[in-house]
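What follows is subunit A paired twice: with subunit B in the first complex and subunit C in the second.
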Partner chain A sequence: MVNVRSKFVQGVIVAFILLSLPSLAKRPEFQLILKNHLFYPAEIEIPANTKVKLIIHNQDQTPEEFDSFDLNREKVIFPQKKAVIFIGPLLPGRYEFFGEFNPNSAQGAIVVKSSKLNAKVNQNTLIDATALSSNSPDKPVTQQALVKELNRAD
Partner chain B sequence: MLINTIILFLRDALPIFVISTILISLLQHQGIKPIWYFIAAGVSVIFSFLLLTAIDDISHTIDSTGREWLYACLYIICYFIALVLLMQLPKMQGQLSTRQHWNICLCAGSLMVIVITLNSANFLIYITGYWFQNNASNVLVAGVILGGGICASIAVLLYFLMAFIERYCRVIAQFLLIFFSAGLLMKATNLLIQIDILSSERFLWDSNHIIIENSELGQLLTVFVGYDATPTMLQLLLYLSAIFIAFGLMFLPTVISKQSLTITLPKEAA
Partner chain C sequence: MRCHRLISLLRIIFFSLVVVFNHTAVADGVVVDKVYHPYVLPNEREFEWRMLSHQNDDGNSLGHRLAYGQSLTEHLMIEVYLVGERDSTGDFGLSAYEVETRWMITEQGEYWADWGMLLEVEKEHKLDIWEVTTGLLFEKEFGRNSLALNAFLIYETGGDIESEFEGEFRLQYRYRWLPQVQPAIEFYMGEDYTGIGPAFMGIQRFEGQKQLKWEAGFITGLNGDSKDHILRVAIEYEF
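This part shows the complex of A and B:
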């Protein structure tokens, strides 16, 4: 009986290790900022058929819950903290998300583009984050600039 | 904000009311008084506040995936507790030994404590986060009262519906417990997929055009049977296996005991 039980436990552990192997892979990262109950950028473009890591920074003084029925994801983000979720692989299309605690204001979408090339270009595409960048309100920033700014803040 | 509070309260509190009703009804049938429930509820309140104070730190462990790990592990534990509980239940009424009595109370109590703690900590994050925002306390209290009223109504309806169905199907409470615990397992898989521990292939289907997951019916189905509008193959297989294992454990002892009875009876007669 003990032998059967230990074999069962071993089996469960092996199954878990096999199932979690994909998590060892390095995923492309995308940043998202929540400020004044609004997501910046409101739209993020990601490549189709690729799993990506989404890092959400909550710069508000209240908690928020990132929620998406299209993506089947929900995650609480504490004030002045970041949260990490993985999304995809997805087919090309538009997948909406919202802040469950402020659903009327905190809204956004993940736009999945068909080719990796497109998404790579889009990572450098100018995004309108004028409300976010208090230092230079007239100057739009790129996703890379956003990452730099966040790293500096950390 | 009022509607949002009601929706959030329903999402987090409905599973508590449903599992409470199922377990109270199940244990009442075994002649167990509901003292275990009050003890479990008291412990849960303490645990909820403890979790609320620690959840921020827990969330930021293991590369900001600590909360998912904690919730997923506890949901999986819930499923196994439900299995143990089902195995402990006697097949015939009035056969409960003292040891079985305590085991059943312990299983039901721990299941309640985990479900209440996890769900109420979720709602407390929202309440405590917005309590001091623009004098929102009145709206939050009103939302909780209205949400509580709706949940209590559903629980009472469920209790009497179960009592009615029991005339035709004695094991309805066990069936509901199996589907509820399989639903918790689905939640666990969702959390593990979200943090990239389980692989996430494409969705098998999207049944949002039939029943929207966010709708009232969708929420009810999610609580009762773990409804997911966009499941993956892995999730579907795990869900079906969880249900088959639970039904197997529930019915196998009866089948074996019946078989042994048919084998031993002729010998005794001879």
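This part shows the complex of A and C:
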């Protein structure tokens, strides 16, 4: 009986380790900025049923904790650092998140769209970055422009 | 590169567990306690209280645990426990102390499943009995459902006990319905004990990192005793 149980436990461990071997495929990346305790953009569209990498740049002088019951994620983002959060694969819908240290201002949502095309198009969607102290605050930027700017800053 | 290191590490841990499981019995005694999750947050500090009440044909036994925990790094947490039990004469007192570390091996959501590791050293109060526990913590999300598995290898040694290796397995399937109410099913397996039963857990957030977490489970033993129930409760205050 004991032997059967041990074999059962071994079998479970083997099965899950084999299934857990990481995929080397590159995942879609989405950038977020946290500044003055606000997320920019406050809403991001991602494709359904796809794992994505969310990179959050904390440009504030204080730490923040990304928190979302909908996404089942908690992550501390240290000041002037970036944090990576892997989310998905998710079903279409709206998934809200907030900053635990500034819950009244730091709020946002991930909107999951059913088609990959929608999310790709959205990467070019204009973001209201006027509140960011960028070089051209009155000029709207795209997610791609945001990525370029962040890469330059790195 | 990081992936290859991770795979190598998991292989080493896995093969070590398989080798040892081949030469051990699963744990004797009651294995119901808590199903661990493989996650650690930096800057986290917590107080924890756990209660376990076991009712069977021989009567009732009661155990309490008080703990203080703190994350040491982004991926490592340490917790120190005082264990109290009601003895056969009905007196309640300190029975053991314990140090536990949890290591978050993979980033949450990065791979198909999330992995962590636990290392625990327990010393019986006034007795020369030491218990070292190590094992894997596993968690997989399916939409709003989470499956957590713990597989532990335990080594008991000391002057007051015959040294032996044991194995232990715990499982929790949880539905994340509301932050405050998350129903679950738990399953525990050791040498002399197999139990299953409903549980629920929840979380209430307060200002900043302060939050209160609770868990309760009612586990029924499947060992053939006419009466074999365990009520377990845990409350955790994080700040």
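Basically, the second predicted complex is superposed on the first by the 132 of 154 C-alpha atoms of A that agree within 3 Å, B and C clash if a C-alpha of one lies under 4 Å from a C-alpha of the other, contacts with A are read in each partner's own complex, and residues count from 1 in each chain.
The rule is short, and it goes like this: contacts are C-beta pairs under 8 Å (C-beta built on N, C-alpha and C of every residue); 3 or more make two chains touch, one makes a residue touch a chain.
It should be emphasised that the depicted structure is a prediction, and the values quoted were computed from it without experimental measurement.
In the superposed pair of complexes, A:I85 makes contact with subunit B and with subunit C alike. In the superposition on chain A, contact is made by A:R73 with both subunit B and subunit C. Of the two partner chains, neither subunit B nor subunit C is touched by A:G93. Subunit A residues in contact with subunit B (one complex) as well as with subunit C (other complex) are 19-23, 51, 63, 65, 69, 72-73, 75-76, 84-86, 88, 90-91, 100-101. Touching subunit B in their complex are the following residues of subunit A: 19-23, 27, 51, 53, 62-63, 65, 69, 72-73, 75-76, 78-79, 81-86, 88-91, 100-103.
Partner subunit A is touched in their complex by these residues of subunit B: 4, 8, 55-56, 59-60, 63-65, 67-68, 122, 125-126, 129-130, 133, 190, 193-203, 208, 212-214, 228-230, 234. If you check the complex, the residues on subunit A that touch subunit C are 2, 5-6, 8-10, 12-14, 16-17, 19-24, 51, 63, 65, 67, 69, 72-76, 84-88, 90-91, 100-101. Looking at the complex, you find that subunit C touches subunit A at residues 3, 6-7, 10-11, 14, 17-18, 21-22, 24-26, 39, 41-43, 74, 107-113, 115, 136, 138, 140-141, 143, 146, 149, 151, 167, 169, 176, 179, 189, 191, 205, 208-209.
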